[in-house]
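Before anything else, here's the structure in question.
Letters A, B, C and D mark the chains in the order given here, with residues in each chain numbered from 1 onward.
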Amino acid sequence: MTFYCLIFALLAVGLYGLLAKRNMLKKILGLVILDNAVNLLLIAVGYRSGKGAPILLPGDDPAAFARSSVDPLPQALVLTSIVIGLGVTMILVAMALRLHQRYGTLDVDRMDRLKG
Amino acid sequence: MPRERDGLSAIVRVVTQWLFVPILVYGLGVGFFGHLTPGGGFAGGVVIACGFVLATIAFGGRTGPAPVFHRWAASLEAVGAMTYLGMAALGWSAGHFMQAWTPRGEDFTLASAPFLVVLNLAILLKVGAGLFAGFMVLVLFDRATGATAREGGDA
Amino acid sequence: MGTFLPFFVALPLLAGFVCLLLKRAAPRATPWISVGSMVGLLVACVLATAWGSSGVTFAGDWGVRGAGAGAFVVGIALVLDGFSRLFLLLVAVVGTASAVYALRYLAPEEGRPLFHVLFNLLVAGMNGALLAGDLFNLYVFVEVASIASYGLVAYQTGGEEVEAAFKYLVVGTLASTAILIGITVLYAATGYLNMADLSAAIAGGGVPRMPLLFASGLFVLGFGMKAAAMPFHAWLPDAHPSAPAPISAMLSGLLIKTLGIYALVRVFYVVVGMDENLRMVLTVLGCLSMWGGVLLAQAQDDVKRILAFHSVSQMGYVLVALALNSWLGVAAGLFHAVNHGLFKSALFLSAGSLERVTGTRRLSEMGGVFRKAPATSAGLVGACLSISGIPPFNGFWSKLLILIALVTAGQTFVAVLAAGAALMTLVTFVKVQRKAIFGALPARLEGAHEVPASMYLPALALAALCLLSGLLWPVGVDGIVGAAASAVLAREGAPPAATVYMERIHGEVPR
Amino acid sequence: MNLILIGLAAFLVLGSVAALEMKNLLSAVIAVGVVGLGLSVLFLLLGAPDIAITQVVVEVIVVTVMIRATTRTTDEEKGPPRSLAAVVVGVGSALVIVGFGIAAFAELPRFGAERPTPSFWYLAEALRGTGAGNVVTSIVLDFRGYDTLGEATVILVSIAGALVIARHVARDGKVPRA
């Protein structure tokens, strides 16, 4: 339970960064933290104490392997989720650079004032 | 003057020359054997993109292998994506979309799952080329958007 | 039919990839590739609707595996039923109109091939979300469509457009994250991702109360943000007007419905199950959107912003109807969602033409456009009549149905609110017509001329569809909409929709 | 073992807070990079080497891109963190999510608890069904290969989006008309 609490704390930190920070790059960092937290949550859900990676090696007994490995499905989901997070980050950085080019600032408040 | 034309110091260039091919080989290996060991097409593709990024940083955006790759990156990305889609669509010949239609070899060898190997390589190509294209456009943002006085930057 | 369901996703995906491949080699071909793929989809959807086809397929043939109580779907199911069919058809119709419109609307420049890449992948993402029978797969395709729309909103790369896109992206990503956490919670409790398996597990009490409440809350938040329901609406009036006109039409006409309304209905009616609290929440969100949108629209002068605020308002009607949890309510809500897709995309396309004709988006600077651009004006007037609920246009029938559903469910107060908001909508659009279409022609616009046919015809065709589906409502359209509603919520005596959905996926396999 | 996991997770939280509160953007980016590396170690300990590798390489790309973005722009955060409303919304929604989430997970199986779940079917059947020894790959590319098609599309879409945003446009910043 402590572990889950820490994951939710990480989630809260990311959310705070995304919503409350003025600087766009800080917002992007908040989003990266948020993604990290969600991915960690998924992996934690699939974790089983004392069990190993879901990779079958030559010579392993399949039945014993199935008993000694963590849940593989969340890992497949996290792989997809990491990729999505990366895609969103890249497009966000492109937007931030373009906005910096247009307004000369990355501060969302100052941007609002410049627009008038 | 833009930094990227100059690249970095001679030492970095030499190191990059030595590292570039091993990085690509490592990336390909991660992709090729993704169905047996940790890793896969995505991780391998990112490694390869990193190799070209390193070359770009070391040699600048105008010399070395990176500009050639950059020119073809978008097309290669499309080819990778179409390969994946094509493999999936050929599954219809076996009955269903996405069905593994290739024959299978002995377990724990490269040939144990040719379908997965081809898919991994398609993703590797797609992700490697795509991320590199994305990276270049973000790093050379001013040149890409034509904001500098110099025209004709090839985004 | 079932086996070929991935076609609806594969065709636009292929078109998008080809556009990227031809970015340098043949940039001028890309608009036609979009038109081709949309027409292909349209033909497929019309045939599917005409045959009333439904079916299920499993990607890679990974269907139900395991024995007895342990049987579950190991792969990803794609499900076509009346509900997804209706929205697929809407996507194809509006997509075709927008693709044709984009032929001459966008200048041939460096970004145009990329526009068509994003356009096709936007459609692929929406179709994928409509066919998904798996929660995580739904999330993935929602992301495909959302990310494509972020790029498209920023297409014009001006400061305001990119800023709107940035805001939209932050809200959209928050929504997606909420959805993903909701999926994680349900997975942690049950171990399933397939909607039918999840639905059975939840109905069997497999999810404790707090986790279920948490997941429901996250889904309302996530899909509510995607649908731009009132407290989460702030991104929409900036994002939708910033996009190029064909994309505004796609976003307002399709995206908020497929990613918001469709997914909300699918998740709550089929997977999680409706209950009193949820109905209350949806009704409140609906009433807020209905009135908030229409009131905020009054203060606007920019045509596209007026339309965007009305999208918020119209989504409110859909939400209050869907919250009724009755067959009539669902049917009315879905019918209104589809009608809104038709008339709002016609309105946005016409607004784009209007901007081209007059060189402005400000209502106060327009006037007398009817004399200079009759075809554009006709399309705009038709769509305005429809959104204002004038008989015999389709908007009238769906608003009437919503009122009847509300009154029969005993929610007279909400019905009065809805009728009032409808009156306000009428007032706004009378104002729009009076200022833009009729009235005196400003001297500035003496040289104005009509847009090319490829721009006014799509809007006219959509307006004609609004009229036709209103006229044909009793003789055919009601069957299509009724099938959609029955796929969501069974009529009296029929087996519950969730059960039908599950049997479709699990087939004959005994559980 | 559990103590190591908890310690590492606590390090992630503290590192993230530090990253967000740093005045210097470059240090903030590097701090997030360090947090990402810590995360990949955590993934490794949680039995997810595939994810650990992917996390490392993705973190490298993200940090490189972010460093480039930071060095181009010289803005440092000044003044209070946005308006009061933004802070209230940020802190408030964070607290609600945390409270709700912890309450929800209190009713779910404990972290790392042994329990039968359907997905263990994959462990037993992946090799026979797909020929892949790496069960995660077999799920990613075969059982759920259709998801991966969507995922590949996401990367393509976001890069196309980035290219659209960063393309040549006319000097007045407006797209030319037809």
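Definition applied: a residue touches a chain if its C-beta (ideal position, glycine included) is under 8 Å from a C-beta of that chain, and two chains touch if they have at least 3 such contacts.
Note that the coordinates shown come from a computational prediction; the quantities given were computed from them, not determined experimentally.
Undergrad: Can you identify which chains form the pair with the largest number of contacting C-beta pairs?
TA: A-D
Undergrad: Starting from the mean Cα coordinates of subunit B and subunit C, work out the distance between those two points in Å.
TA: Centres of subunit B and subunit C (C-alpha means) sit 35 Å apart.
Undergrad: Using mean CA coordinates as chain centres, what's the gap between subunit A and subunit C in Å?
TA: Distance between chain centres: 28 Å.
Undergrad: Could you state the distance in Å from the CA-based centre of subunit A to that of subunit B?
TA: 23
Undergrad: Quick check on subunit B: which residues sit in contact with 2+ other chains?
TA: 37-38, 40, 42, 74, 77-78, 81, 85, 88, 97-98, 100, 107-108, 134, 137-138, 141, 145, 155 - these are the residues of subunit B that touch more than one other chain.
Undergrad: Identify all positions of subunit C at which a residue touches two or more other chains, and write them in rising order.
TA: 6, 13, 17, 20, 59-60, 110, 136, 140, 143, 147, 150-151, 154, 157-159, 162, 181, 188
Undergrad: Among all residues of subunit D, which ones touch two or more of the remaining chains?
TA: As it turns out, subunit D has residues touching two or more other chains at 49-50, 54, 58, 61, 65, 69, 72, 101, 105-106, 117, 119, 122, 127, 133-134, 136, 140, 142-151, 153-159, 161-163, 165-169, 173.
Undergrad: Testing understanding: with touching defined as stated, what is the shape of the graph linking the protein chains, line, ring, star, complete or other?
TA: Contact pattern: complete, every chain touching every other.
Undergrad: Residue numbers of subunit C touching subunit B in their complex, please.
TA: Per the stated touch rule, the residues are 3-6, 10, 13-14, 17-18, 20-21, 23-24, 57-61, 110.
Undergrad: Name, in rising order, each residue of subunit A that touches subunit C in their complex.
TA: Counting only subunit A, the residues touching subunit C are 11, 15, 18, 24, 27, 31, 34-35, 38, 41-42, 45, 73-74, 77, 80-81, 84, 87-88, 91-92, 95-96, 98-99, 102-103, 111, 115.
Undergrad: Could you list, by residue number, the parts of subunit A that touch subunit B in their complex?
TA: 53, 55, 57-58, 79, 83, 90, 93-94, 97-98, 101
Undergrad: Going by the contact rule set out above, which residues of subunit D touch subunit B in the complex?
TA: 49-50, 52-54, 57-58, 60-61, 64-65, 68-69, 72, 127, 130-134, 136-138, 140-142, 145-146, 148-149, 152-153, 155-156, 158-159, 162-163, 166-169
Undergrad: Would you mind writing out the residues of subunit B in touch with subunit A in their complex?
TA: Residue positions touching the partner: 37-38, 40, 42, 107-108, 134, 137-138, 141-142, 145, 147.
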